[in-house]
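Sending over a structure as structure tokens; questions will come in a sec.
Here the chain labels run A, B and C in written order, and each chain numbers its own residues starting at 1.
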Amino acid sequence: MRNFIRDKTLLFFSSLSMGIICIVAIFGPLFIPDPLEQDLINSMLPPFSQGHILGTDPLGRDIFSRIVSGARVSLIVSLLGMIGSLTVGTIMGLVSGARNKWIAWGSDRLIDIQMAFPYILLAIVIVSATTASIPVLIFLMVLAGWASAARVIRSIVLSERPKDYIKAASLVGANQKRILVKYIGPTLVPAIFTIAPLQASAMIVMEATLSFLGLGVQPPTPSWGGMLLEGKVYLSQAWWLTTIPGIAIAITCASLIGIGEGLSIKLRGDRRRRIDPSKTENLGSEGSAKS
Amino acid sequence: MKPILEASSVKKLFKGRGRSLDVMALNDIDFLIYPGEVIGIVGESGSGKSTLSRILVGIEKATEGQVLHNGEAVESPSDWQKLRLDIQYIFQDPFLSLAPHMTVGQSIRDGLDIREEGTPLERNNRVARTLELVGLKASDANSYPAVFSGGQKQRICLARALILNPKVIICDEIVSGLDVSVQAQILNLLVELNQKNGVGLVFVSHDLRVVKYLCQRIIVMHQGLIVEANTTEELFTNPKHEYTQHLLSSVPAGLSIAGV
Amino acid sequence: MTKLLSIKNLTISLEGRPNTSPIVQNLNLEVNAGEVLGIVGESGSGKSLTGLSILNMLPKGVYISGGQILADSKDITKSEKKNLRAYRGELFSIVFQDPGAALNPSRTIGKLLSDVARAHEKSSKGIIRKKSIEILKDVGFPNPEERLKSFPFQLSGGLRQRVAIAMALINRPKILIADEPTTSLDVSVQKGILDLIRKRTIEDGIGCIFISHDLGVIAEVADRVIIMYSGQVVEEGPMASVLTNPKHPYTRGLIASAPSMKSSLAKPLRPIPGSLPPVGRTPSGCAFQDRCPEKALGNCNAANPTWSNDSSNQSHRWLCHSEVKK
């Protein structure tokens, strides 16, 4: 009973919190004052000031509005990044599970290389070669994220492949493609749903990091990472310029991770075979000889 | 008449990993089965009987030697596909040999879908009829494997093999984990399939009592070799090899005095 | 004949499921010194749970809801936890189907035996070593002095089971429960283990309860047998009598559906029609009524069947409404 509550609680509260963030991100910008509007007279106001619940930045822009619009940017970018990363990751994971030794080997090495490479370095190189813009940012995120998704997919494919039901499928005539798509494919779905939120949360951090380094979303478009960058120099005087976007990032990440963990606990629980006395195969011993 | 399936000079070596020794699971095995026969392969653990059954259907590859289908060597993947039109196989553990995310009907039907036999409606009908043939209900096609018992799952696997109209079904320890009454139902079903529909059977088992009941010919395997092969009657009344004699004397014989 | 164990009206139920029938109902059995009592049943018969209940090792969700287990003039069901530990090993001992599971793979045979011995009696290393070697010899383990240093993975399945039996017997328990001990072993190895269990039972004066689904195996090893179906004992008696003269329709069904060394297609196996009642849903009245080919006089679901005794052998009795003397 205790387990039930614990499993559901995490998922419930994380989903609730993420839901709120999404609603704010989608509808928020309709209700707030212009995040770009500068008001030099009212600059550097701390939170709970008149008219500015979260304060203002050095240019007098309302922090609350910037957080809300930044949310939209961060979430959309991360979502696109996550989808791209999962797509490439799943494909490469399936390729790594291929029968052909060389194809699988090649794919594995690609995964290894990508995981070993520091993505910030890569980001700097690519941004200098092109420009810092949102499409490039999304490209970087996919580049950074696909390998860990591929690894998970690959391990599932490799562990399912030797199982009897796959062998049974080839016995009735299924070719490799059919086996991957019809037999192994559906087993990947729960895993994908579990990695997705974790990838998304990594993307949020990645976006913030890259924007903080000036390689991501460019000003004046508000983004959480960008806000961190701008507030950095005022750290001792105006703590709220960095802390508030930092908290936003943290809460969003935690919610996403919570959803991922909650889902994986739930899936594991469904698969975990608890002693169900009504299924006698679990009780004592049933005549089961060696093979 | 040519044997429909044959193993010729088959050897199988499992290479030892690390410090483990290599294991010669099959050492120069010759085996054949004619259409309509019921042959038993008997042995204890390590005899190689399961390895042989897997090699016969291509799930495992022989290190040396050949498998022949209707007298012709099976080499390429398309050869194996042709072989599998005639020869089917049922695994020991029914839990693991059914895809958990597919309904029973989908699992049974897939072979027909791949071969594109008939219209989808016709295929569904065949699924229903095959389920009834093995003693299940046509409506079971919509359920998932998890809701069935071990014996029922084994029938589902039998249905999956049968629907393709094979000439021979290789049964690898398929009744070993089942209750005696369930086992009897499946054995009788196999007998019927052989006598009414002429389906040949290769029945791999460690249980001599079951093999005696079901099979016309028996081969006895021990540590990768065939030590004796004979008709059932001859083998039981006149076992020639020492190992066969030893095996026969170890079988629990208590039930022989039973009064039923 | 010293009576070592007496179970009266044992009932085992599912926790928190008030509308289900008990998994074991009103079970009575007795075990005497030097005899092997066989319990035969298929899955869902409750045979394994009966064995586990004696040691108070029932799994979660299942509990003893009635009856007594009497041994050594005590009722085990009423004992406190701390005494139960002492009973397990000294009074009762158990051997399971999978010898690998009973043996800690990271400990040598010698250590495994001394672990068990020391749990019940503090002795010197030398005495325990002597005891270990002796018990290994008793179970037919070759070269015990040298093999004390072996690890379980170095042994075959049969040898591992012998070690498991040695561990069960080292503290000289009065009652040994063997739950499908040979089911995962090869047939030639099985014979050795069955002989071993019989030998030790007779020579040490133990009472052995041998649980199996295989009537053929039980026929080899047991002096008396009880046949269980869906949680109830449906027939019991001396092994030979029950085998040559089975009275209950289920027993007859078991024998008719089991292949033996005398089977052939000339005499087809007759499977018992239908399937076992799901656990917790035993029909009221006679548990076997839905599958009985010899349905008696319509009484089958109205009232609980009563015991009849074999006229030629009073200790052989069965539970059935039918009054036709079979």
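As a convention for this text, contacts are C-beta pairs under 8 Å (C-beta built on N, C-alpha and C of every residue); 3 or more make two chains touch, one makes a residue touch a chain.
Treat the numbers as computed from the prediction; the structure is a model and nothing was measured.
Trainee: Please give the pair of chains with the highest number of C-beta contact pairs.
Mentor: Top-ranked chain pair by contacting C-beta pairs: B-C.
Trainee: Which chain has its C-alpha centre closest to the mean of all protein C-alpha atoms shown?
Mentor: That would be chain B.
Trainee: With centres defined as the mean of C-alpha atoms, identify the chain lying farthest from subunit C.
Mentor: A
Trainee: Can you work out the whole-Å distance between the CA centroids of subunit B and subunit C?
Mentor: 32
Trainee: How many angstrom between the C-alpha centroids of subunit B and subunit A?
Mentor: 48
Trainee: From the mean C-alpha coordinate of subunit A to that of subunit C, what's the distance rounded to whole Å?
Mentor: 55
Trainee: Hunt down the residues of subunit B that sit against at least two other chains at once, touch-wise.
Mentor: Correct list: 45, 149, 179, 206-207.
Trainee: Do you know which subunit A residues sit against two or more other chains?
Mentor: 281, 286-290
Trainee: Which positions in subunit C are in touch with at least two other chains?
Mentor: 43, 157, 186, 213-214
Trainee: Which of the residues in subunit A come into contact with subunit B in the complex?
Mentor: My answer: residues 163-165, 167-174, 178, 182-183, 186-187, 281, 286-291.
Trainee: Inside the complex, what are the residues of subunit C that reach subunit B?
Mentor: 42-43, 157, 186-191, 194, 213-220, 239-240, 243-246, 252-265, 268-272, 275-276
Trainee: Please name which positions on subunit B make contact with subunit C in the complex.
Mentor: 44-45, 149, 151, 179-185, 187-188, 191, 206-210, 212-214, 232, 236, 246-247, 249-260
Trainee: State the interface residues of subunit B toward subunit A in the complex, per the touch definition above.
Mentor: Within the complex, subunit B touches subunit A at residues 45, 50, 57, 59, 81, 84, 88-89, 91-93, 96-102, 110-111, 114-115, 149-150, 157, 160, 164, 173, 176-179, 206-207.
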